[in-house]
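Each of the next two complexes has chain A plus one more chain, namely chain B in the first and chain C in the second.
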Partner chain A sequence: MTTQEILDGLKQAVIDGDEDSAASFAAQAIDAEIKPMDIIKGAINPAMDVVGQAFEDGDAYLPELILAGDAARAALDLIIPTISTDDLDGSVQGTVVIGTIYGDAHDIGKNIVSAILAAHGIKVVDLGINVSPKQYIEAAFAEDADVIAISSLITTSLPYHREVINNLVDRGERDKFFVVVGGGPVTAEWTTQIGADGYGRDARDAALVVTQLLEGLAEGNKAPLAAPILVGALEHG
Partner chain B sequence: MKTLITSRSKSVTIDSEGPVTMIGEKINPTGRKRLAAALTEGDLDYVIDLAVRQVDDGADIVDINVGVPGLDEVKAMRDVVAAVSDAVDVPLCLDSPSHESVAAGLDACQARPLINSVRGEEASMKEILPLVKEYDASVIALLLDEEGIPETAEARVAVARKIIERADSMGIPIEKIVIDPLVLTVGSDSNAGRITLDTIELLTAEYGININLGASNVSFGLPDRHTLNQAFLGLAIGAGASCLITDVAKMAPTIHAADLLRGRDQHGTRYIKYFRAHAPKDD
Partner chain C sequence: MKNKPDILEVLHRATTGEYCTQKEWDTKKIPLTISRILKEHGLAKTCDMENPVNMDMELADKFYAAGYQAALELGYLCTDTDRIIAVSQEELDDALKHAPSELTVGEGKDATVLKARTPSDPYPLKAATSLGITLSEDIYADMAYLIANEREVDILEAGSLTTIHGYEVLSGTPTETRMGYEHGVMHREARRKAGRPGMGGMGSISAITEYGQFGAYGTPGGFRNTDLALILFPSEMKVDYRTLHKVVHTLNMGGIMKCDSPGMIGGMPGPAEGAVISSIACALLSYAILHTHVGGGEIYDVRYLATVNREGLWALSMTNQALSRNTHTLVHNISNQVSGPGTENLLREIAAGVSIIAASGASLTTGPRSAGGKLNDFVTPLECRFLAEVAHAASPMELSKVNEVVKALLPKYEDSIKEPDLGVPFQKAYNMETLEPTPEWEAAYRKVKAECIELGIPLDA
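Up next, the complex of A and B:
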């Protein structure tokens, strides 16, 4: 098989949510000495974009998105250990700790964002639901994270977003992590008001925000940003 | 088991041996922009209209959730509860995780409403259960705690047991508690429905307690959600659910059908009455 055939096969396997086939194509790609980042950028990311778009459009359903994420994970589990530091030049790398905020038990949106971030080769540490501000911060230090990602669906838990940021400020450690927020009731105005670093309306927007923050980090940007990165914010009026 | 919920002029009994009690879910601004704007602007007429329409559609109880970012929730709860209490005679369900907000609603409604909700976390039990006691109200208990939503039916029952025992130790009888076993979407875990049904069966066998469900989450991320929601409602009612927070206009026919089919509607009176009142008219 040619390089292109292997990458196309892997892309299709991820789109189809076929874990075994995705792992098999990933192994072939590694044997064929295709660079790890070329496999990720040439097959896995575009596959997740296809499935993510189909989900947004109502043409694919949640179980299919999850299966695609599992297939991407199976391929990445083989690919990531072969990545050497040389390969990482120009690509995004980083660690995100993610969770649904205290008082909120909704995890679907958070799981979708996790799957898409992981499919981009970003290390994702999922703290689950009902995560207290203290737990985010402790996990972020324990994992040496770059980004704290907070998901919310219910409005009454929104004040805890601010508490995460205020706790970091009080500890004199606001510069250690970018903080991004998202979910149903979260708006661009809220993001700006609490001094967070980013907001994405849907899961792909969230991935774009995190990617941009990590790229910025590589270029020397530090938290907190003077103004947050806002992707997919709805126009009001 | 009978759980008595009252307004100033009317009482509703959630009854594990009777027909299902329907709680209208629509006064909740999550995902409802028009309502969020109305609450922010203090447009109580819009909120009252939502309450009246749900009662016309057959709601036995109306849920009141006023959580909008940046809004003074305590004041909004007080104002909305007072306004809705004047406009409809059915009891209310005060929906907020904040005990200040719940307390404001309790003060405003001057009755024994249903509080939505207490959770199996220490902080939540400490804040909410004293209000249940003080106001002689009833409360929906969500089966999650500091660890999140348990993944097995047995572990969810353990959270229920913890809440029931804590309430009992404070002198709150078990009939004041309505358990919500929670349901996640089968879109992300195809066993999610099964776990909830098993939890309902275990709780019904052990306590005979009233069970509430918010039943539309089960179908998230899947096509033809209404069919899934209807099937799940039927199964949940069959397993022992006695109270549903739902879109009453949409789900009442399924609920009345399930009540008739399991022998909770003598001579099909409720089913026929609902059909006559709501069936599309022939021209």
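Up next, the complex of A and C:
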């Protein structure tokens, strides 16, 4: 099989949400000594762009997006360990622990963000729904995470966002993780008020915030930011 | 004939039903089953973007048959146990047979009677307002009173609270239990102050978990058992112990309940047609599994975070028509707006969504979702009044006429659905001294109302 055929096969496997096939093509690509970043840029990222655009256009739906994200993750699990520092070439690397905050069982937005981040080669640890502030922090330390991403659709769960940040501050470890927030009732004002590092109005915005934070991390930025990164915020009276 | 399962049998099935992980349910079971049923019934790509109101009753009946099949094939997933709560055809039929077709909400002369309706039924769609948009504690009492004081409004839901006596409410903790109680008492007081002590209520919208509901519903001075217990559960077709706690509590109180969860366009069931099937199935199962008195049929488009876009409106019309033509149940629905208070487009979005719900045969609507329901204090009594006026006036309208009205309204707002004008909060849309709408907001209301009358909604009748 030629290099192009392997990359095309991997791209299609991700688009189809076929984890086994994606892992198989990823293994073949590594055996064929294709550079890891060429695999990601030549197959995985374009595949997720195709699925993401189809979702925007109404030609694909949430299950396809989630399954494509899973397939991309299956391939990346094999590819990432082979990446050397020289390969990085300015690409975004990092680990994000993500979940829907305590008291809230809504997971659609969180799932979309997870899928998009995974497709960009970012390690995503999904903590699920109803995640307590303590669980976020414990998981962030256990995974050596860079970012804690908190999703909410319920207003009375918002105070738990602040609790995550206050808990980090009280432990003297606020500088260990960026904290990003998003979801229906979350606003730019709330993000600033609680001292979070980022906010995205929709899933794509949130993924963009995380990648910007990780890029900043590579350039030496540390948490907490003096002012949060706000993407997609709507103005109101 | 086998009866619908007793609630204890439902709880038993929640621990003994077929094992299925949430991932399997979300990414395989729901999408593959819905997609296959869509094809089997020849319903794929039937959404007509040019005509947001379905006028083909045979098609509505086909969607009902597909939704009924989906209900029997799927059941609900209990996410706390990863078990499927399924029902047999006999059990489902028994539940639908014995579901109420008439229900009194509230007490005495102030009560509202919900009745099963069919499309263009002259008996009016009843309006519960507003949705549970969060309100600052210092305006909650005024807001709830002002909404209850709008005589067109049938049932008071009002907003939700995030603080009590200045303390933040943390969902799932005892502060929520206390908040539920305080919310219930304030809600009752608002109805009394408006001179409608027997007015029906719905709540508690502030109760995110079962704790808030335990504090609010059935407690002395709080929501009565003649008020509707509000029980929302996650999409698609998922329940959890939180939901089931609320159901059991309502039954313990001898109360009445509205249980619902939307079919998500763009979500697990896929396109608008899939969301309609999912929504119908979800509504039917709520009578058999949750023992509800009022069922859902809601639609929400996850791509637009609204239901007032073309596909959302079409799906709303189809779901309501399918359920109202083929059952004698009390169908509830919501049209989810995105524009905010003080804007003309909020009123146009209300007119489009609610006229469809009314003429398509629903019994109860709740709303509005001003500013998408996302911003604190972004709701006013004026749009609640307008929603109720449209609900009542549009009920007997012919579907073809509603289609014309909606086709005229859509071009005025649809380009801004993704970037809506969020308007202003209550404190800026109303004069806080007189508690009346500002002249600008009142003028916008009069303008859009006149526009709707001109288009054919008999708001002047």
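In the analysis below, the second predicted complex is superposed on the first by the 219 of 237 C-alpha atoms of A that agree within 3 Å, B and C clash if a C-alpha of one lies under 4 Å from a C-alpha of the other, contacts with A are read in each partner's own complex, and residues count from 1 in each chain.
What we mean here is this: a residue touches a chain if its C-beta (ideal position, glycine included) is under 8 Å from a C-beta of that chain, and two chains touch if they have at least 3 such contacts.
These numbers were taken from a predicted model, which means no experiment stands behind them.
**Q** May I ask you to decide whether A:67 touches chain B, chain C, both, or neither, giving the answer as first, second, both or neither?
**A** A:67 sits against chain C, while chain B stays out of touch.
**Q** Of the two partner chains, chain B (first) and chain C (second), which one does A:160 touch, if any: first, second, both, or neither?
**A** A:160 contacts chain C only, not chain B.
**Q** A:178 contacts which: chain B (first), chain C (second), both, neither?
**A** Once the two structures are laid over each other on A, A:178 reaches no partner at all.
**Q** If you stack the two complexes on chain A, which partner ends up touching A:25: first (chain B), second (chain C), both, or neither?
**A** In the superposition, A:25 contacts neither chain B nor chain C.
**Q** When the two structures are overlaid on chain A, which partner does A:56 contact: first (chain B), second (chain C), both, or neither?
**A** Touch partner of A:56: chain C, not chain B.
**Q** A:105 in the overlay: touching chain B, chain C, both, or neither? Say first, second, both or neither.
**A** Both partners.
**Q** Hey, what residues of chain A end up touching chain B and chain C alike?
**A** 55, 61-63, 66, 103, 105, 107-108, 111, 154-158, 184-185, 187
**Q** Which of the residues in chain A come into contact with chain C in the complex?
**A** 55-56, 58, 61-63, 66-67, 102-108, 111, 154-160, 184-185, 187, 234-237
**Q** Could you please specify the touching residues of chain C with respect to chain A in the complex?
**A** 26-28, 30-31, 79, 134, 160, 162, 168-172, 176, 206, 208-209, 234-235, 240, 242, 264, 266-271, 274, 302-303, 305, 311, 340, 342, 371-376, 378, 419-420, 422-425, 428
**Q** List the residues on chain A that touch chain B in their complex, please.
**A** 55, 61-63, 65-66, 103, 105, 107-108, 111, 128-130, 153-158, 184-187, 190
**Q** Give the list of chain B residues in touch with chain A in this complex.
**A** Residues 29-31, 67-70, 73, 96-98, 101, 142, 144, 146, 148-149, 182, 184-185, 187-188, 190, 220-223 of chain B touch chain A in their complex.
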